[in-house]
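Report on the structure given below.
By letter and in written order, the chains are A, B, C and D; residue numbering begins at 1 in each of them.
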Amino acid sequence: MSDELLESELSNKKSEIAEFLKKEFPQAPIEILAVGDKTATVRYAVSFDSLRPGGSVSGPVLMTLSDTALYVAILATIGIVPMAVTTSLNINFLRMPKADRHLIAECKMLKVGKALAIGEVFIYSEGLDDPVAHATGTYSIPPKR
Amino acid sequence: MSDELLESELSNKKSEIAEFLKKEFPQAPIEILAVGDKTATVRYAVSFDSLRPGGSVSGPVLMTLSDTALYVAILATIGIVPMAVTTSLNINFLRMPKADRHLIAECKMLKVGKALAIGEVFIYSEGLDDPVAHATGTYSIPPKR
Amino acid sequence: MSDELLESELSNKKSEIAEFLKKEFPQAPIEILAVGDKTATVRYAVSFDSLRPGGSVSGPVLMTLSDTALYVAILATIGIVPMAVTTSLNINFLRMPKADRHLIAECKMLKVGKALAIGEVFIYSEGLDDPVAHATGTYSIPPKR
Amino acid sequence: MSDELLESELSNKKSEIAEFLKKEFPQAPIEILAVGDKTATVRYAVSFDSLRPGGSVSGPVLMTLSDTALYVAILATIGIVPMAVTTSLNINFLRMPKADRHLIAECKMLKVGKALAIGEVFIYSEGLDDPVAHATGTYSIPPKR
């Protein structure tokens, strides 16, 4: 496939997943920046509601974002599967995220099997080099009917 | 200490933590049911916003609740320490929570050291026996000034 | 079933699993103390080889023991399934184990589903109250042929 | 610093850590292939003892190797610190390792703070592209005296 065709296909896939997510999670301030082969990049718009006193982003926001980035990368890999569910998530908080920057999650699937998909996610304060969190998560994929 | 005195002390502690949490996380639909020696029981009021299509509670709600239950149990053990932060959380999703029941989190600290506190959390759909999720989490405790 | 019958059945099950383990892991210094409904208690005989300089038991010994205790509890629950394999393990080290005491692992399964089994393990220095480690692990169960 | 000088320094560091490990863990069939800034590459020589019936490498071997690779990367970063201890390890098993190939662990530290160091490890069957396991682990670093 030519690069141009591939790019247009990925762009279509991105729109399709974005539309699906908007229906499933209408409240989430999440934008898909890119999808690829077993990868996804997602931005979370930090707002006053995401902050803890002291001015950092709350842990649950980072967990939500990790979970969503994994879901997007899986949908990008196996197609829209509404019944895929998280079976486990492990997250390490590395540094305080900046209160005045949005969050970027970069997800890469480590394995996409028939029954289980496992991936890792790095989260960054937008524009900064050092990750604020790292997560690994497992999704259970329903058997095809 | 007599049982009566102990009970009244724990009740005071519960109110104090509840007030603190309300200031820190004003939006969270969370109620502290009980605190004890290295333990906490917390209820999360499930509403339409907590649901995924298909009628189950979303994973991030369970993560948020786990994190909060750990925080409450730590505050109950070492006193109000605003700067305690989560350093890691591991969660396993065991069963679909019921959409029409609130969630109960029961936390027990496994270790409360000088620098790190580690605990485990079981989450239940209120009134049911089988846990819907199990989490372990680590908090970093700031050095005393 | 009468208590006597149940006890004799569990004792048979224990012997059957012990024999199977001995064939699969002939080198492991592990003894099954008890099995029950979704539970197992296993002892690891600490020897000079298990120690780190400084006189504590090495981390990998605790991981091995956690993994084995989970395996025994699963075999006790679903029967001898040679192809069950660990898919993930999460362990928190809580306290230094004593160099001069054997280790006891107490495992309880949190869920035994058709495809996945999840359990937790507490490890103790024999005779002491505070756990030295806590683990959760997931096994994948092969489909029935 | 010139590239030549840097290389010779890293080579010295590698020898120093290898010598230290040999004293601490004389039985482990482990060889340090490379160390760098917050990174380490370690080989585990698979032998008959490391195998499970069926011909795969046992889970505990992969856990041991993950833990060791993290330790080597930490020692390479902060110097020989005998009292650094693992506080947690999370491992996902992705594919069956080959029975007839050694294992290669590539570790990268995600954060090396004053009290905690967190890193991730990919494990491969030597010469193959897809990882057989992925781990994240946390070490507690003792305060300087």
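Here is the rule we go by: contacts are C-beta pairs under 8 Å (C-beta built on N, C-alpha and C of every residue); 3 or more make two chains touch, one makes a residue touch a chain.
The shown structure was predicted, so the numbers you read here are calculated from the model rather than taken from an experiment.
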I need the common contact partners of chain B and chain D, sorted by label.
A, C
Could you compare the number of C-beta pairs in contact for A-D with that for A-C and name the larger?
A-D
Relative to chain B, largest Cα-centroid distance belongs to chain D
Dist(centroid_CA(chain A), centroid_CA(chain D)) in Å evaluates to 28
Cα centre of chain A to Cα centre of chain B, whole Å, reads 25
Could you put a whole-Å number on the gap between the CA centroids of chain A and chain C?
35
Contacts with two or more other chains occur in chain A at residues 87-88, 90, 92, 138
Residue set of chain B touching chain C in the complex reads 90, 92, 94-95, 110-111, 118, 120, 130-131, 134, 136, 138
Chain A to chain C touching residues, read off their complex:
87-88, 90, 115-116, 138, 140
Note which residues of chain A are touching chain B in the complex, please.
23-25, 27, 49, 52-54, 58-60, 63-64, 67, 82-83, 85-93, 96
